[in-house]
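My structure is below; once you've seen it, I'll send some questions.
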């Protein structure tokens, strides 16, 4: 065979720099420990620690066990619901009805308790109500195939409406004092609420489920590509169904906590909590498009918001500032990485340009 | 080898009527008509002159917001900050009338539109320049704008009495039976509708929502179009804010709180696909009318007040279901009559 | 609940170093602002070292709790609160008390067990009666009426409504008046506006509306003034003069009532001071000096009454500015 | 120094020494190409050689890190795709980029829809023009249907219609024929030649040498991101080009090994799905490779999806080694020992945003766990083992699989199924868009598997591949099996006849 012509524009320097198809001087993708220490989750944890330190130094009385108690009691509902919500968002769905489910649960246990049922039975029925509500979402989303954002806007209204139907304009407050006292009790002198033990169990359950089980391995795959997930045998519909049952059940837990902590069962309990939960989850590094996210990051995100909230309140900074800070933090948490990426890209381009010979100085008018 | 194995394309066109019936707005519009008729049968006052006027007035602001929101959703984005934008603009309107007595009404409108567009542009910039998901950004600006509104307004509220009568009259006077602000909303639907269906840049919005990556590869100026959608949405939220001030009694720190999900619900009920690419502003507008009418209808039907919200929820879900059934039908038809052996 | 103790210890006791914090139902509400204005005045006159206003932006049941918690930890001596939910705030208030703080409820009471005194606008029954009286007069003593309230759970609203219903049932003067509906505008302008509309449609023979909430009465007035029902359907209730002025002038509303909200805050501050100084304990019969407003007495159940409601109409409305 | 023949007209486009890096990956080290008016220029190279990257630079989608780029002799630096379009460059990308919600006609004309009254888009004119284009390409596609649900072949045809509708002076086609059948390829070539004759320059990328030699005037070879050389097609040979592409002599292309055929592993009988396929009977034995041939759209993929449980079926049964398979349950199919390499690796074969490692172990997630908890160390080991065994070229197992070239992606798909040690492996178009070197490797792998006693069902639109690899060939047409041929009887003529016309009497039924 004949070669009509042959050119080689590659000069020796270029060849040297990019010998094995890989830039020698370029930092490789992070692996192993650096990946963990510099990852998104780690940054959230550093931010949390920084916020704690700053608050402890600048706000008198912040550094005390009392803070731990009040702060944790405040964030528990968000922390609880954020766990299954993380999994749901990782599969690319969303559940806006969580606060309404908590409200419905609260209403149901209020009415049943007033009707004279045994408190244990009442709480179990409350949980079942949450699970059933979640199953309704799950059925519509996973089985019928409706978009979750739309469905749960509907059930947000529906479940809150049902709460009103159940309890109307009444409020039930006379829960057993031992029980309500238990929900605000602390673990010895640590200031940590006793119920945190249960919450920690819930967190551990979802962390293991997401990060160390076959089921959890499938979730990011579903979030990135439902179709490809199906081709490796993941039952997408079933996984989603159970996740919504999960958010329903945990929302019911949050509803129970809410009712007993404030010893007040009302139809409007926990209203508006859905956006707070989602904000915390997104701040914790979960991608709203699905696929990416982790439980440690989300826990750090929830606590960060909690610390800032409580710190500012203790410092008597106005609520107005607080919501501006929360909003800005949320924006910053997603904008910062993309700014970081842009800087990285720019530095990479500059390095490459320095290393690769620019063939003609004049010939490349940048339009 | 020949193409003999393939049938010739079917020459008959799908009839205009069946094409019309397949449109996604139809089930919602039908639901709206049924709702109105049933309510009317039970309570003739529902369609009295005042009743009809009230229905239109109730829907007006939601229609304008839903049209803007639909534009953003077409591009596979969402704007949750509209309620906060509306609140800020409404308060601006109140402030202008209070602090600059005698200010011409058109100037107030322009100022409101400008502030709305500015706030929309901030959303758009963050979304397009920083390449971050709109849901997160606008959830953030929802809080920030609301915070600014609170900081600015404090406990101040402006009441109907602080505004010139001609301004309030916009929400009272009618032309051909239509309140003036409702006519404005209809004009918005028509103009935006024509733009989206008939202008190249309008069609681009659907393409972007349909497949953002492909749009980039194809050379559609994605950032510019998405930016446009956000700015227009902000502008319309601004318009809604000014009209809110004309129609309602007071504007203050909390005006427009909690509206965002209702607006998204209206668009979705009207057949706007939440993941972009399909739907129409007419559909979104009908969705808005349906949702605002449900509340009035239930009151007119004397449905127990505690049931009202639950019924609204059921209707939202029913609307999505109906829409879904319709689109599954079309999809099945497409599958059975595959493109090339139509 | 031992945690609150170490917070409260250092601030209390020394006179002249006392702090007071007001926690309204919701910030940035015009009515609340007037109340708080009076409160801050009162706090200064009563001799508090500093006074604060903290509170949620939304009036939900439990949102006040974390503010109470923060105040407990900050060692505030007197917490003045308008409860969004009488029971939800209780555990937190108990904790604050065990840390040494004195609790004054005002505007909307908490569960009596968890506060020291409650500063009430007026006698609840008086408020109810004056509204029935006004509406009966305006509709000529017979016909259908409706109530447009705030939220379905609001304590004070529900108490007034209860008295209104009792009075309509028991007083033969009102035998021809029929209460046909109770609706809730959730103290939201838009919602109240639409509820007002709905009332007209659902009850074509409606002659009058009572709206015992400032947001509700203003929204309803605005609706009536722009609709064909103006002048045909009577409206009364509790409203702010500044907000209602145009509707009184244009004839939509003839008369409505309210107490002076500033006095409420003012008295609450003095009650707090008296409690903190140990002058009173909140028991019935205790008396304290409330600055310019003179001596007040704690009544049954620890309730302090501020004063009678004022009736506003076209003749006197311009004399008030709140 | 010029690569153009003497007396040649001035080049339409010339790129020299272009480089492009993604992080540490050098996609292109020396991209060089020259396109003359009136020529069809082939660009060949192994998977990952940098062809698509070069195309994306020409299209203005990537900005080169270095190099000269001239259009009509003037230096240019495109910032966006719009710039390259304005310069008369039209590109068909390797992966179709259609908008599923828009109609076919709108997909073709998006951004430059014909306008009518008041400057508004005229749908009638748009439909007319689309019909005319399809007429020209000889394919009847309804211009009013949405692009959603179109087969890959139809999508590719719409891409082609889109590109030629622009009347571009420079047409770049990145593997346009990968999803097309013979008829459609022929049509495409006719159109390409007529464009060339009007003076346009066409850059054509393909892994199929028959097409390259039938269509092009010159061939440029790339390897490892570098320009190797340019040849006149008339003077070039397949062997010579291949040697330049891979830098070595390659093994036999269809290395069919003898295997002992054992028991029936897969037994499909009477499988039907309304409107898709009817009465499909199929058997695959241990160690046997059964080729499923037919034209694009014959329903082969549909049958495979039904067997694996992705799609439901109406009647019939699927049995694996005597055990009846639950319909519509892929996990059950995997558990009983079926592996499935789907035809669309980007959407079905891989989770593109997930790392190489996670993709590899996704099929193993159940087997790698003890008491419900995944053994992460074993997971990492499995990922390393299998990516090494199939020689997947990647910087790290933690990189997203989307950063790999097409061929390497396909290797990951194969690896993740081989890792499950299946009894039956269904491979759908296993070498679509894969270079010769990798192709031979894939073939060797498949052949190895059969030799180890695994039953293989291979769907392929490439006749030589089917004939070269299969022990038996089953031919489908319009959803029905029209012939079953033993290796000896499977001639190109017999297969094509069964695929396109009524079953001829001479075709014997081997069942």
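First chain written, first letter: the chains are A, B, C and D, and each begins at residue 1.
Here is the rule we use: a residue touches a chain if its C-beta (ideal position, glycine included) is under 8 Å from a C-beta of that chain, and two chains touch if they have at least 3 such contacts.
Source: prediction; values computed, not measured.
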Fewest touching-chain hops separating chain C from chain D: 2
With chain centres defined as mean CA positions, report which chain is farthest from chain D. C
If you tally C-beta contacts per chain pair, the winner is A-D
Between the Cα centroids of chain B and chain C the separation in whole angstrom comes to 37
Per the centroid of Cα atoms for each chain, what is the distance between chain A and chain C, given in Å? 39
Counting only Cα atoms for the centres, state how far chain B is from chain D in Å. 43
Could you list the positions in chain C whose residues touch two or more of the other chains? 27, 57-58, 184
Of all residues in chain B, which are in touch with two or more distinct other chains? 150, 273
Could you check chain D for residues that touch two or more other chains and list them? none
Can you give me every chain pair that touches, using the contact definition above? A-B, A-C, A-D, B-C, B-D
Touching residues on chain B, where the partner in the complex is chain C: 43, 45-46, 48-51, 54, 58, 150, 153-157, 159-161, 168, 171-172, 248-250, 252-255, 257, 295-296, 299-302, 305
Which residues of chain B touch chain D in their complex? 1-10, 13-14, 194, 197-200, 203-204, 206-207, 209-211, 213-221, 273, 276-278, 331, 334-336, 338-340, 342
Partner chain C, residues of chain A touching it in the complex: 61, 64-67, 69-70, 73-74, 164, 168-171, 173, 180, 184, 186, 191, 258, 261-264, 266-269, 271-272, 309-310, 313-314, 316, 318-320, 323
Give the list of chain C residues in touch with chain A in this complex. 1, 3-4, 6-7, 27, 52, 54-58, 60-62, 65-67, 69-70, 72-75, 85-91, 95, 111, 151-153, 158, 184
Residue numbers of chain B touching chain A in their complex, please. 126, 130-133, 135-137, 139-148, 150-151, 258, 261, 264-265, 268, 273-275, 306-314, 316-317, 320-321, 324
